[in-house]
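First the structure, which I've put down as structure tokens, then a few questions once you've had a look.
Each chain gets a letter, A, B, C and D, in the order it is written, and its residues are counted from 1.
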Amino acid sequence: MAAMEPRELIVRRVAQELRSGQVVNVGIGLPTFVVNHLAHDVNIILQSENGFVGMGDPPEPGREDPDLVNAGGQPSSIKPGGAFFDSAMSFAIIRGGHVDVTVLGGLQVDEEGNLANWAIPGRIIGMGGAMDLVVGARRVIVAMEHRTRDGRSKVVPKCTFPLTATAEVDLLVTDLCVIEFTSDGPVLLETAPHVTVDDVLAATEAKLQIPDEVGVMTV
Amino acid sequence: MPKLRTLDQALESLTDGMTLMIGGFLAVGSPEALVDEVIRRGVRDLTLIVNDTAMPDRGYGRLFANGQIIKLICCYMGMNPTAITQKDEGRLEVELCPQGSLAERIRAGGAGLGGILTPTGVGTVAEEGKLKMELDGRTYLLERPLRADMALLRAHVADRAGNLTYRKSARNFNPLMATAAGYVVAEASEVRDVGGIDPDHVMTPGIFVDAVVGVS
Amino acid sequence: MAAMEPRELIVRRVAQELRSGQVVNVGIGLPTFVVNHLAHDVNIILQSENGFVGMGDPPEPGREDPDLVNAGGQPSSIKPGGAFFDSAMSFAIIRGGHVDVTVLGGLQVDEEGNLANWAIPGRIIGMGGAMDLVVGARRVIVAMEHRTRDGRSKVVPKCTFPLTATAEVDLLVTDLCVIEFTSDGPVLLETAPHVTVDDVLAATEAKLQIPDEVGVMTV
Amino acid sequence: MPKLRTLDQALESLTDGMTLMIGGFLAVGSPEALVDEVIRRGVRDLTLIVNDTAMPDRGYGRLFANGQIIKLICCYMGMNPTAITQKDEGRLEVELCPQGSLAERIRAGGAGLGGILTPTGVGTVAEEGKLKMELDGRTYLLERPLRADMALLRAHVADRAGNLTYRKSARNFNPLMATAAGYVVAEASEVRDVGGIDPDHVMTPGIFVDAVVGVS
């Protein structure tokens, strides 16, 4: 099997985590593409924090509605059975535990399950709805590349970037592995195809628990 | 009490130094005509309470390039480099607030609450300066209410009694801001006679709205 | 002029306090009848705490709608321009200062402007929306008979019944007089026709301020 | 995920000792068929969170005469002598809460808030046992969130995805309770196919609703 493009590997693997009927909020950027890789019999309900549930695919060119956009401001659509509401209701849904899963990008994730994904030091331009999502969603999945462009680990002992929330990450999916955050800390669940446990450890600054059996991501 | 006004009439009480709430999310559901009028009037030293700073050439985002804003309360500035530059150069005071907390603070301002306790932001920079409380083993931040001198809204349909509906994702912060300002004006795509909106479909009751402006 | 029935005198005098365009909430009982005595050119907007504004007259017999009642559970109607909403919005309106005037009945009012109107000792069956209304409305008018059936003053130095709210009463209209609550305490504004200041003082346990000129209620 | 159920199916997980929220205001907007089913099942030791106790022979008020309630959180009992007698005889534990605070507590339970600060009830018996805070010269009570195991609602129109609308003053507490329970069931006068309600007119999004029962 030829090596898959790293970002595609990530979103394909995250897509396996989603179940029919779940209310899901996907962050801007990489997580957006998760919905393109759901199995045909998996029907999730997408929540868009600017005020609706039942988000559908982007409209065809020429069929955009200026009053219907996603949380990134891009043209969007609503499926039958969807509903619009105001921002207070939108975040009541998010903070109140009515979103089953959120999939978000990350800048750093640390051993305590802390997430930093909204700012780099010196460039603080706003957290949007990320802090509410990470605290409120029942399950938080971070989808990010394992290392920065210059090769440093984004899975660290302690986040150095401004935090989005503390101890809320449940699952981390990277181009190298899948890590679950347990009450005992991060546990390596799977490695990517053609990636060894030693490869993961070499690329990871955080201390990981390695079970006797580590699976292989099948996407 | 007919509430239909011209643009000029609707904002005649706008003065320097006021605090404005303006509806919209990345300029969607933003009252473009009312923002035009704020620009035409050239009032300065405004404090702006908005979800985000929109774009330099769209919605309330245009007020930054026009140098009318000295203070900003919002959750996201990422699409407006002009506002970011003003912040970085110290010309714009900025208070960032998580989006859900911002929505609740505006709602609390309109609902007569002294504040709300949220788990959002605990352990982050969002907790700076805020009271923390632990209740039943969970930690919360006390977020205080927000109110404004004026709220500028974008409605879909209005009636002459000020009842409003919004359309699709253009609803966002508009109904919240309608409750939390001393003077509330809405521009609407369509203005109907009193009673032209089914009372079960009204999204903002007319008692909150002081003036309605029809826009095409 | 023949003496007017005491309760009619009260509601007629309260009606004079209301202005066109005001949002008004009238309590169950005596205050309900205030709206029957508005001048023809005075159009107020009635708020009903069970969830609407623009309350109209009771429907004609046979035209009742089981889904449209007032806060006392009685058949009601809605005027053009009215709107329905949920109980959270209803009390956001009430507590948030969006009700200009509330007119409520009273069991006791005291020198500090405290009101007791929801319970007598030993019979605590619920405050309903009264506590929110008295705290939240911009102006609180109490409409009540001056004395109990056995002749005791309901205008007292200090309420002995369970309070509804503290220091919120702005105006008290009784069958004997009109009292305004100022930062210096209660001031006698008007006496009822054929009632003297001494009559009022004899019927009142609370200490009242008596200005040099006391008017006469004209209803 | 079709959510249409029979009455029997809809309440099959109801057990003794549960906490129920039931919509309605003096029995208007109260789910009579679902209450019938609670009575038929004869479950006991229920805690009831309702606006009021309705009347002995209407709405959720009937559950008192049937001896199914041991604890009650509400704002008004005045029209149900049966419930008052049970309280006076010590057979019914009652927590009275101002109506606006009750609405906010249920909303807070659904919205993930740790509580809200209200000026309502300060200086009255409603402040007993509650934290008082003074902020900017005004005193507030901390009101804590309420949640339930089940919420029983009365809707006007439902679709098979669980989206709900309510009619006139029958809306009241129903939309709030829809957000604040582990399991939410609504009876509706009319059930439509998925998409049969305009997404702008939905009052309770279907994601809150687990089961819908059509009633005539």
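We adopt the following convention: a contact is a pair of C-beta atoms (placed from the backbone, for glycine too) under 8 Å apart; a residue touches a chain by one contact, two chains touch by 3 or more.
Everything numeric in this text was worked out from a predicted model, so none of it was measured.
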(message) Spelling it out: a chain qualifies if it touches chain B and also touches chain C; which chains qualify?
(response) D
(request) Between A-B and A-D, flag the pair that has more C-beta pairs in contact. (result) A-B
(request) Could you give the separation in Å between the centres of chain C and chain D, each centre being the mean of its C-alpha atoms? (result) 30
(request) Return the distance between the CA-based centres of chain A and chain C, expressed in whole Å. (result) 56
(message) Nearest whole angstrom, what separates the Cα centre of chain A from the Cα centre of chain D?
(response) 35
(request) Can you tell me which residues of chain C touch two or more of the remaining chains? (result) 52, 78, 84-85, 88, 91, 94-95, 135-136
(message) If I count partner chains per residue in chain D, which residues reach a count of at least 2?
(response) 104, 107, 111-113, 118-119, 166-168, 171, 199-200
(message) Taking the touch definition from the header, please name the shape of the chain graph: line, ring, star, complete or other.
(response) other
(message) On the basis of the stated criterion, which chains touch which? Give every pair.
(response) A-B, A-D, B-C, B-D, C-D
(message) Which residues of chain A touch chain D once you look at their complex with the stated criterion?
(response) 20-21, 23, 43, 45, 47, 52-54, 78, 80-85, 88-89, 91-98, 135-136
(request) In the complex, go through chain B and note every residue touching chain D. (result) 104, 108, 111-119, 133, 135, 138, 140, 142, 144, 165-168, 171, 199-201
(request) Over in the complex, which chain D residues touch chain A? Could you list them? (result) 1, 107, 109-113, 159-161, 163, 179, 194-195, 197, 199-200, 202, 205-208
(message) Under the definition above, what is the set of chain C residues touching chain D in their complex?
(response) 48-52, 65-69, 71-73, 76, 78, 84-88, 90-91, 94-95, 114, 124-132, 135-136, 162-166
(message) Under the stated contact criterion, what part of chain D meets chain C in this complex?
(response) 25-29, 51-52, 74-79, 84, 96, 98-104, 106-107, 118-126, 156, 166-176, 203
